[in-house]
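What follows is a set of structures for review.
First chain A sits with chain B, and in the next complex the same chain sits with chain C.
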Partner chain A sequence: MSSMLSSLGRQGKTTGSLVRSKASPVNPRLILLAVLIVAVAVIFSFLIPHFVSPNSLANLLRQTSVLAIVAFGATFVIVAGEIDLSVGSVVSLVAVLTAMMSRDNNPIPMMLASAATTGLAIGAANAFLIVKLRVPSFLATLGTLSIVKGLAMTVSLQPVPVRSVDFVKFFRISFAGIPMPFILVLILLGLAVLLLNYSRFGVHTRAVGCNEKGARLAGLNTTRHRYIVLMLGSLFAAIGGVVLAGRTNYGMAQSAGGLELDAISAAILGGSRLGGGIGSVAGTMLGAILLTMIFVGIANMGLPGPYQDIAKGALIGVAILLMRKRG
Partner chain B sequence: MTKTSTPVTAAAAAQGPHKSTPWQLVDRISVVLYFAALLVVFAVFAPKAFTPGTAVTVIQLSIPLVVIATGMTFCLVCGEVDLSVGGIAGLSSTIAALQMSNGMPWPFAVALALLVSTVLGMLNGIFTAWLVGSFPRFPSFLVTLAMLSVSVGVAQAIQPMQQAIAIQNVGFQSAFGFGSSILGSYPTWYAIAVLIVAHLVLTRTHFGYTIFAIGSNPRAAEFIGFGIVRTKFWVLTVSGFLSGVGGILLAGFVQAGYFAVAKGTEVDAIAAAVIGGTALFGGRGTVFGTLWGVLVLGVLNTGLLIMQVPTNWQLVTKGFLVILALAVGEQIRQRAYKT
Partner chain C sequence: MASDAEGLLLKVERISKAFGGVQALTDVNLELDRASVHAIVGHNGAGKSTLMNVVSGTVQPDAGRLLLNGKEVILREPRQAQQHGISMVHQELSVLGDLNITENIFLGREPITRAGLVDRTKADRAARELLDRLHLNLPERAICSRLSVGERQMVEIARAVSWDAKVVILDEPTAALSDTEQNALFELIARLKASGIGILYISHRLDEILLLADTVSVFRDGKNAGEVNRGNFDHSTLVEMMLGHSVEKVSSPAASKADKALQVNELSSRGAGLEGITFSVSTGEIVGLAGMLGSGRSELFECIFGMLPFERGSITLKGLPLRIRTPMEAMNKRIGLVPEDRKVQGIFPGTALWKNVTLASLHDLFSNHGFIKEREARAATAAQIAKLQIRAHSVDQDISFLSGGNQQKGILARWILRDPEVLLLDDPTAGIDIGAKTEIYELIRNLASQGVAILLSSSEFDELIGLCHRILVMRDGKIINEVDGSTANEHSLVLLATGGGHE
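And then the complex of A and B:
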């Protein structure tokens, strides 16, 4: 109730972004995020030699890729007013499955098909719980998080190496210094921006997140739409799992723990609103880069483990402070 | 949807029993029914382990969690969430253990640990309610996520060699250790005291009423003149303090302080509160519902452990049963309030 009412109350402010996302040429939040990224990069470049070198930047982009892809999916889910905590488990399950299938010499299309099917199936299960049984999405996906993680551990407790040479080689390609995983991110970014900002699907998604009842009364099949959005979010996570397996050559059941929170943080830093209605895929992209830069920078500084946690928390806190709405 | 029934249930929680249909009655005691059903399943599948001794274990394991989940209930009813409880509890246990091993008398060590926990809760509150109050919805989610990271990091950093610190203080052991009988050990009484005080605060005081008002409709509450910033600040402070208490109780239970002693507690606390009927987005919830939710989780965990289910299937079963509880609860609620 509170979410619905407050979104109604804020409609005066939000209709602009609901109807026309291109009301202002460039979102000020994106500029702020870009400035933050540059500032963090400058700080780290003073502390760490060679932080801003082609090699380490390529490495940074490679490390961003999985988080960014998963966060794109999370953006759609958050804009539709839901939350999906199971994506981290989906990433690890898909990574393990992909590695297992490559070990059994399945062709690459089969590996991709099974990954997509897994993602869509888990998304559909989530949607069934949330839409049909009306379990709050936070808890429904918390349940599927542990179920999917259990399944991943059942498939294999040990890390599984990826055996398909072509598959691994594909992720090693780089064009003009941009590694393959990040090229995939850019393609998906383009698709996601089109889908969220320039298509009827995007308008419907924002409508469902902003005021579900209103959207239903306006003739939108909100049930079906929420199904599609949740399955899309899981599909993005499955793609993230494939990229993770390709990037690291391994599928591990324990690999992507906590990824869901990083993905949600990236989406929120990028301007999505928990509770629905507002979100920007480009913002999510920058949020993912900022978070990864913070993680990588702290790890490179060679601080002992605990200080990484402290600095990560403090930096996220500073980022939140800078991102708040004025007035 | 539940959302429309919120004021009704909030009022019911605040005013006590009123005339109700059978479904509404079932809705109110659904968590107790679920608990009973779990006990029956447990008794059928593991009759040998179905003993008073196991019951004592379940209750002892539940005591720290119930204290933490009570703070979480306050947050959830107010429309906030506190993800830092596990980190703060771990830090509190570490500080207490460290100071005692340095020779500080135990009351001072415990007081220091609780003070630090409260201050961290206040920081959560200052950030959430005051500094980023105008941040697009749910600032507490990100703020407390950052605090979780910070508190775990600090706890690790102050631990020499990053190992658990054993507590050998006799006074602490008698004040916070668990005896063989439940009523004979002090922690039980601390938990009961916390429950009663929290229940009274939530249902009988102006502060509690404000929490419900803000949780069910923040704008209306603001128009009426309730202090949103102040209330949210105190709610998160209470949660920090109770996390600290939970950490001390955990330290008493394992006789050691360790940064990861309460790892993952935030998830259990939220699950317990929501299984117990607290609305995830505010406006509805009771302390005793949360108590039952904690007991449900306790029976679930202990049962799976005793039946020697492998870890992966434990995860699957637990996730499935939590979802089942929520789905059934939701169906009952819809029938009860016909929306």
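And then the complex of A and C:
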């Protein structure tokens, strides 16, 4: 499957250049995803008035931001051959903590530092379970998902409003119609692309995910690397938690339940291979946009809640099948 | 041996190594000259791989030393060996499929730009130069999962050489290669040699060794069993040195050649690499398959058992045509398979012995409307334990705690329960100690005398000679000869199976 992917990639040399150099030219999957996004937008624009308008597009970007940031982290984790189910809980916990801290008038750098520490600590705990105690990452992070969710709820069951005016204002800024949360997404996208595609760290992440034993035989410190990747994934989730608090003005313990699955879906749609070795941050970005568009569109169609879930699940399924066939 | 001091590159001095209680190497010596190929031959378990692991820094010796260019080196891990210029190309390739050739070659030592990113241009250029130097016509940015096995091996060799290698160790490098790929590999080896690199070459294919080796060392039971230089060996001297002593022979009682149980006609399978396989096994007959690893013997078993498809040919059982597409169908026709790799394909580690033994019969013999008849299954296992003298505390013991021989008896019991007409035994005594081997031979003879048709493969040909009525010699997916079990000798079998008997 993967070899088919890369063989297609080789022929796609002539098609623009989004991210990669001629070595691994633009994945045709990226183009297909973009086409899919346009197609879904066109369909929704017939069903929903004003679906495609500057306002609702800005809203779409705002809504995508947290998912995209978390999914960037998930991409690294998946490429390294692991999976992290705890990221949704991390987002919730960090959002609640950030809001709580703003209430006590802590300076913003302190809020950010504690968010980052929380993310890194949970990532390190996951890595300890997975790498040191050899618990499969699915099970280990299933456990931390529950623990971290519980922690968030002990901190506060009620939504906690963000009291720092500067903090809230910052997330209200927009440049050329692009809202601040999405500007952050673009910055993180750039960093993540550099990290995954152009740095040693990225090559080693793919190596570890492709064949850990082989990577170890080649002299890589795979233990340390897996630690770092899992902590990085959790750090991205913490950043997502901060952005969520800033975007919604609230920290809620239940706000990001299920986000881990959306993040994994975005990464898979974007071409990451469950099991490791292959993945694209740019693909994940498009995957996150497509998913959010589906969520927003379905919600706007005025279907009752349960139907929203069914339609959402079906659409994600169709999108993944489509991508698989072409890929 | 007669090597001038100038040329001596690597000296292995009185190396010993034990794993647990098993002495893998005893006082082993070896000398490798610059610009030469030193071949290492010996049976499985002769200590070849352990020695290579010592030289490549994967295994620490208990005693003895390694001298590189006259200076002692201590190698605690593969990376240290690589830094000294000793690289090993593993039998199971460690090329990473999702990375391109450049990334594989420089993994862990990627050149870095001032910005801290991987300097792809520089890495690609260096990879290109290296590939050109080795005359490898592969694009440096090709993703390795798209390369053939042979090409990946070339990449692995390029990676080994990229460490400014002085010593390159090749472990069974041709095991998975096609003929053309083999020739390309031999050319590459010649070029490495010409550039002054010393090559340690492990192979059991004597024809290759005759072609490549400047010196051959023979190992037996973890000890040096002789060393010869080019000009002083030919196929038959090597075979003699490998065999050493002969094993006492017991022959099996004659089989009635009356009715053919299993008949295979002109079976060919491109996927399995088999071509025009024709043979038969009568009831009560033990037919041996003599073939080296990669000769196609396991694939043949899998074709008969419905695990691999074949395009042409037919199989009949007691004269009736068989159409088997899945192992379940084979089982229902009372065919049993004891697979090649006991630990991976045979036993279910962590699972009770009784479940391992009754596994193939849980759906019919021990099924009560879909529920397992546990009491019957345990009783049947207990009966088999007594009958086959399986040494286990109870039917509940975890099979992975039994010795190899007892595990294998458990797998045999799995099929004996089903009262098979045909039993396919793929190297059933591999990695089993001599005592248990003898018991398993006895078991096989008993089964045959009860009328079971047995097809048996082994990479240790002396055991086929004692056991089989007829022996088919396999090589490159074909049956190239048939020998009578009572008149066969190991020497000629090894000659045939390793390609020495070419007409």
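Observations, loosely collected:
As a convention for this text, the second predicted complex is superposed on the first by the 301 of 327 C-alpha atoms of A that agree within 3 Å, B and C clash if a C-alpha of one lies under 4 Å from a C-alpha of the other, contacts with A are read in each partner's own complex, and residues count from 1 in each chain.
Note that a contact is a pair of C-beta atoms (placed from the backbone, for glycine too) under 8 Å apart; a residue touches a chain by one contact, two chains touch by 3 or more.
Small disclaimer: the values here were computed from a predicted structure and weren't measured.
Of the two partner chains placed by superposition, A:R103 touches none, neither chain B nor chain C. Residue contacts after overlaying the shared chain place A:K312 against chain B, while chain C stays out of touching range. In the superposition on chain A, A:R163 contacts neither chain B nor chain C.
Within the superposed three-chain model, A:I278 lies in touch with chain B and with chain C [touch as defined at top]. Look at A:L133: by the touch rule set out above, it reaches chain B but stays clear of chain C.
One of chain B and chain C touches more residues of chain A, and that partner is B. By the touch criterion defined above, A:S146 reaches chain B but does not reach chain C.
Annotation: chain A residues 2-3, 6, 278 touch chain B in one complex and chain C in the other. If you check the complex, the residues on chain B that touch chain A are 1-4, 6, 79, 127, 131-132, 134-139, 141-143, 145-157, 162, 215-220, 267, 270-271, 274, 280-283, 311-316, 318-320, 322-323, 326-327, 330-331, 334. Here chain C touches chain A in the complex through residues 78-79, 82, 90, 94-100, 103-104, 107-108, 110, 112, 116-118, 120, 124, 141, 143, 145-146, 159, going by the rule given at the top.
On chain A, the positions that touch chain B within their shared complex are 1-6, 9, 129, 133-136, 138-140, 142-147, 149-151, 153-154, 157, 261, 264-265, 268, 271-275, 278, 304-314, 316-317, 320-321, 323-327.
Listing the residues of chain A that touch chain C in their complex gives 2-3, 6-7, 21, 23-24, 194, 198-200, 202-204, 206-207, 209-211, 213-215, 217-220, 277-278.
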